[in-house]
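Step one of this worksheet: look at the structure below.
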Amino acid sequence: MIAATDDAVRESAGYLFAAPTDFFAAVWEAVWGAYTALFRGAVYNDRVDDFATQIRPLTETLKYSGPLIAAGLGVGIGFRAGLFNIGGRGQMLLAGAAAGYVGFKLDLPMIVHLPLAIVVGMAVAALWGGLAGLLKARTGAHEVITTIMLNWVAYYLVLWALKQSYLLQTPGSANPKSLPMKDTAILPDLLGDRFNLHLGFLLAIVAVAVMWWVMNRSTLGYRIRAVGESPTAARVAGIDVGRTYVTVMLIAGALVGLAGVNQTLGTTTSGVTPDLDAGIGFDAITVALLGRSRPLGILAAGLLFGALKAGGFTMQTSENISVDLVLVVQSLIVLFLAAPPLVRAIFRLPSKEAK
Amino acid sequence: MVSKKTPIIVGVLTLALAIILLRRGKSGDTTFRLARDSDFVQLPDVVLPGMVSAWVLLIVCAVMAGLSVLAYTRTRPTPAWVLAVFAFAWMAGFLCWAAIGGRLSVVSLFASAIALAVPLVFGALGGVLGERAGVVNIAIEGQLLFGAFAAAITASTTGSPWAGLIAAMVAGALIALVLGLFAITYYVDQVIVGVVLNVLVVGLTNFFFRQVLTPNAASLNSPDRLSVIPIPVLGDIPLIGPVLFRQTPLVYLLYGIVALVAFALYRTRWGLRVRAVGEHPMAADTVGIKVNRTRYRTILLAGAIAGLGGAYFSLVSVSGFNREMTGGAGYIALAAVIFGKWDPIRATLAALLFGFASNLQGVLKVLGSPVPSEFMLMLPYVVTIFAVAGLVGRSRPPAADGIPYRKE
Amino acid sequence: GEEPADEANGGNEPAASDFLPCIVSDAGGFDDKSFNQLGYEGAKQAADEFGVELKPVESNSENDYAPNLESLVAEGCDVIVTVGFALAAATKESAAANPDIEYVLIDDSADGGEDGQTFDGKADQPNIKPLLYDTAQAAFLAGYAAADFSKTGKIGTYGGMPFPTVTIFMDGFKQGAEYYAEEKGKDVKVVGWNGKDGSFTGGFEANEAATNTAKQIIDQDVDVILPVGGPIYEGALTAIEDSGKDIAMIGVDADLYETDPNTQEVVLTSILKGMKVSTYEAVKAAGEDNFDFEPYVGTLENDGVGIAPFHNFEDQVSESLQSELDEVKAGIIDGSIPVTSYLNQ
Amino acid sequence: MKLELRGITKRFGSVVATNRISLTVEPGEIHCLLGENGAGKSTLMNVLYGLYPADEGEILLDGEVQHFTGPGDAMEAGIGMVHQHFMLIPVFSVSENVMLGHEATGFAGTLDLAAARERVREISERFGFHIDPDALVEDLPVGVQQRVEIIKALSRDAELLVFDEPTAVLTPQETDELMEIMRQLKEAGKAIVFITHKLREVRAVADRITVIRLGKVVGEADPKATNAELASLMVGRPVELVVHKGEAQLGEDAFVVEDLRVVDAAGHVNVDDISFTVRAGEILAVAGVQGNGQTELTEAIMGLQDHVTGSIRLDGKELRGRSVRKVLDAGVGFIPEDRQVDGLVSSFTIAENLMLNRSFKSPFVRRGAVRFDVLREFADEKLKEYDVRARDIDSEAGELSGGNQQKVVVARELSRDLRLLIAAQPTRGVDVGSIEFIHKQIVATRDRGVPVLVVSTELDEVAALADRIMVLYRGKIVGIVPGDTPRETLGLMMTGERPKDVVA
């Protein structure tokens, strides 16, 4: 039935110019119908019998949430200090590439290998983020510009490294893709082979906890907040604003880097590619804002986005909703979530008419 | 206090060029083409002995660097003419070296820089206007894309690219309207709305592109291109003519809009009020200016301008819409807004610098630069970082930028 | 791209048979005017012949490959076409987990073994059929033709991004032009590709970067240009128009003359990469239960790659060109004219 | 124009800012509103001006009920207001600020700046202001900005003028000039509402006085009442207007500044080779018209200025060249002149603001963590001790009235273990009750043997606190004189002249 409505969408799309209202009515119906699919794909699948398969969507949601949460924290901490870090893409790419390099190149026992790969990835991303912070602190260069530009620089850097067999490229292959990760560098599955959920999610949760403590309990967080709320007052109070910017961008880079690491060592372990960021660097901005830059808010927003992603596949395959409409639905959900008064206005309308 | 930055940058650049010339000497002539085949006045090609010319220009650079240091020691800023001469000599010297054995069309060097910058300038103007009124517009990308989309369809169905331009403006304004609804009326964080709108537009245009445009490409997605229309007389001036006045009407429109926006923003009542609302909405309110109404109007206009930039993609660069064809230009435009310190002229210059660097990158690669293409492709981005860090420094946004205005 | 339109009534009809072909795109999407689109069209054609529905799934990012495959498996697909080297790993994984499903992988050999370095010339999973195309061979012919056609002695090429599936065209093109120069003792210069590196627009969007790169190449007095990468040829089209000169363009993947009528005035020829046919055949074979897992390599010999007719340029190319090309083609097929590419290095 | 407010109530959440306030202002009358910080004066005026809708009550002008939907309507009706927090756009020129909202335009909406300039000049001349119409507001000293606000109101020919604490940032001379202007306006038949905390001013111009406390009218006062009577009516208890301070117990030369020179980014010399000494247990007051280098002097001491030469020694240790943090660590307490920008983080709670410059060391910090228990205890204590009127320590600083914000800053600085106190405009915009309190605290700090540098443009304050007075003019010291130097002499010195009978 829902499939039929989607076909209705397509049909009406054909005569869009003749009858636009039909089209939008159809879209709306399809969107509405999509929710069930979304739910089935993101939380609980009621169409299968065994419990493990039933809750599998939930674990998928968690898997997708991991990097979104980590990167969301990275963008969020920037916001708390008054910095707009659009550099998630570049930071993730470099983190993924560096972690990947360690992951496929070295031969080490897992206990050393995995942590080393994670730390290297995060450290490289931290430096990349810190670079934007340093430029801001030293020259006043606006972080929005530098991070956007550094995204591209990182992208081409990774692309280049993927053509050098002494760096990332698989020897003997011409494709811009590295070797797969060694088993000792792969984030282990949390719930066994049947589920894709891996340690990356737990790391993201740990990051949430750490960030919560840092922002709400530590003096560093206190100073970051002070700088974010009033750089002038912070300066008079002896807080070195420039140094704080650098620190924040280092931390932000490391957190976004965790998301990148999560990608190469957890979600797609088959090797480093130039697209490993998978748009998460940008999604993280919305996640951070939706979560009001608070660690727990980001956790919630990250879970929501993870659910939207996981559910999106089911929406596409089983409901025949094009991947593009999935994007549309996702963005509408976010917009309306961000504007509770608007939603209230919409839903109050009928009640007013009733009077 | 005079900043050390300028003499240092100038010195380092001079040194860098010297090292290039010393380390990678080449032999041969460099041909500079000063006219295009189609030009009215055919200036002859200039053929220079590459290395010798480069060395001469390097010496000019060194002298200018010396003057800059001298100015610094006298605690004076480096005079603008010194910087101008330096920039010219450095670029010319570098090109003399880089183009040895090849042909370099000077006209194309600049004309293409403008062409590459056009959508960025439109986008940046849209951004500048919005932010001047206190509304951060991250949705430039979405406005460009939607503008490109609407322009292609409308121009195809009506058969008139001009109708396409109007549709692009409407499309851009439509996005601005949504931005306004959420950000101004419902106080949703402007950055969220912007980012999400970009995603929304990608989704919508991709969907329609596939479902509607691709199957009906002949009727819906094959607009007539806005072609180059040389301006009589002006277009025949040697060098300048082909660079500035042998462009598409959209580019002429751009000249007009840049001038108009710059003028209106600083010289008219409308501009004064827009700026007031972006700097101190409460103060504007206390003198009876309707803050949110002004903001709405301004972003609608800004959206229309950005939308026009979108039309450049589907009516000028190529004819027809393609999925995600703006490829991040909106974000570069956003950077130009900030780089240009929220000023229409400076933002335009910032976009032009970016356009120049992208074009240079391609030109050098075609001439056979030994640097890997990935690094060449980085050039415009790296140049921007250096320019922002080295020359621009701190920039101050309009004080109320991004802050919704609510009374209590 | 005609297909998506007549899909509108596909959903309501019951499937004629229970054969379910499926296809996953890479991040380019099915309207990329390149391999995703051709793969889709081929699979669609096969599905239509069987009177069944094709289940297409697009990916937005590399994160989506595995889940998309998973959900297709869950949907009960019998054959899954995956497009692009980027999907190789996900395909291998899915294939390993679902030995009953047949996989068709376009543009990658799925070879390399567990460690990614053990190449045995076969796909690592027995149920994957790789479809590969030695487009350098066809591009060689195009380079030869271009060199012959060029009056300025300069021909040019540029790509979207420096990926091997892109540069293989540029490689063959350059070799063909050089072969021509050597044979004829003429001076032919290839602009935009030096055998290792060259001009790229930095993406696969038809935008000003694409147009401008083409212009820069044309500025070097080039009169035949080969843009490689989805819709970026549209930039060349614009650049040619703006230059006001007689410049010919060479298309890639499919016959541009047919797929984009706007180009008919300027396409000299196109380098054909038989993705549509080979995908069609693979899916068809799967539906008829005579699927084989031998890697398919499209060559001039098996007509998996080739060049399109000269169409409007028929009477502009030199008279002997077609026969020379036939000779060169035979030479390539019998190995007397070596063409190197990443597939045979 | 006659104004009548009837039963105006305005609530902010649970705070009742004004509680059924009624008020009448006749044409040709200067009506003073007196009240403590946070009494609701500004709120009442903002309601009148259409900025906030009233929850209850009505506004009548010449007997007619008004329904303002915004300030535009109020201005239209002939109300002009000089706001407590300036409503000027810093990056605009004076003319642009003045013309905003009722711009004269020429062809195609182009601004007629010439007309605006003319208008500014005309009004300036009428009232004896010296204002460059093309100067950017942000470059002007606050006193001048104040005049721009007045010109703005006058340029619209308002019939009713509201002055909300216009004198808080003015020098004595400027204040006198403003009083004169108000009298002129009154003569011209305008109705004036004047809000101030300075009783001297009230007595100088008021025709009628209404006292507000805790959002309610508590009564009218006679303009001839004594300062003490007014003050106690306002605060609801007797107030000591002059702080009793004992003889200074002078210690050694604890704070020594030599040849200090401060240059700004544009190369202007703001502090020009000045040298002075403050002894332990002494208050040195720095007097001078705003903008004569006081700000730069205090900022240079704090390490907030970039280009400083000379020497700044505290207890023999050099402070110049140290970071702000090190200066603070050396025991320097600093009350910055602009509390909203430099003194407080307005979105932080009171408690959080109380540890603003102690985020590195104990008592509020242990191993990188903030000790919130200690902080809260401390904050509760200070809230009581300094009588900060706030819901509790978790109120945001930005919600507090100006006086209460100032108390938070003072509480923070004075509760540290100080070796030197620098207080810039410590009681700007603060009500009499709080002034008394803050002055007492400063004197008590002196009596603990701490050298104190007070910067003030307020001669009353200088007289109340100073053991010695240093007058600055254009970055140079005009003279350092005893604390009991007469007002007139000081006033003269502030114009750069140095009377002969003054001993250094």
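In this document, chain identifiers A, B, C and D correspond to the written order of the chains, with residue numbering beginning at 1 in each.
Basically, a contact is a pair of C-beta atoms (placed from the backbone, for glycine too) under 8 Å apart; a residue touches a chain by one contact, two chains touch by 3 or more.
For reference, the UniProt names are A, B = ABC transporter permease; D = ABC transporter ATP-binding protein.
Since this is a predicted model, take the numbers as computed values, not measurements.
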Among the chains, which one keeps its Cα centre farthest from the Cα centre of subunit A (ABC transporter permease)?
D
Separation of subunit A (ABC transporter permease) from subunit D, taking each centre as the mean of its C-alpha atoms, in whole Å:
48
Separation of the C-alpha centres, subunit B (ABC transporter permease) versus subunit D, in whole Å, is 46
Cα-centroid distance, subunit A (ABC transporter permease) relative to subunit B (ABC transporter permease), in whole angstrom
30
Please tell me the distance, in whole Å, between the geometric centres of subunit A (ABC transporter permease) and subunit C computed from their C-alpha atoms.
33
Counting only residues that touch at least two other chains, what does the list for subunit D look like?
none
Contacts with 2+ other chains: residues of subunit C:
5, 29, 162
For subunit B (ABC transporter permease), which residues are shared contacts with two or more other chains?
206, 210-211, 372, 374, 377
What's the complete list of touching chain pairs for this entry?
A-B, A-C, A-D, B-C, B-D
Partner subunit B (ABC transporter permease), residues of subunit C touching it in the complex
1-2, 4-5, 29-32, 156, 162, 191-192, 194, 197-200, 202-203, 205-213, 215-217, 219-221, 231, 234-235, 237-238, 241-242, 244-245, 261-262
Could you list, by residue number, the parts of subunit D that touch subunit A (ABC transporter permease) in their complex?
302, 304, 323-325, 327-329, 334, 336, 341-348, 352, 355-357, 359-360, 365, 368-370, 372
For the subunit C and subunit A (ABC transporter permease) complex, residues of the former touching the latter
5, 7-12, 27, 29, 55, 57-68, 70-72, 74-75, 85-86, 88-90, 92-93, 108, 112, 115-117, 119, 161-164, 342, 345
Subunit C contact footprint on subunit B (ABC transporter permease) (complex, rising order)
33, 37-38, 102-103, 105, 108, 112, 115-116, 118-119, 206, 209-211, 214-218, 222, 225, 227-228, 312-313, 316-320, 322-327, 329, 358-359, 362-363, 365-366, 368, 372-374, 377
Subunit A (ABC transporter permease) residues within the subunit C interface of the complex:
3-4, 6-7, 10-11, 14, 41, 60, 64, 104, 159, 163, 170-177, 179-180, 196, 263, 267-268, 270-271, 273, 275-280, 309-310, 313-314, 316-318, 320, 322-324, 327
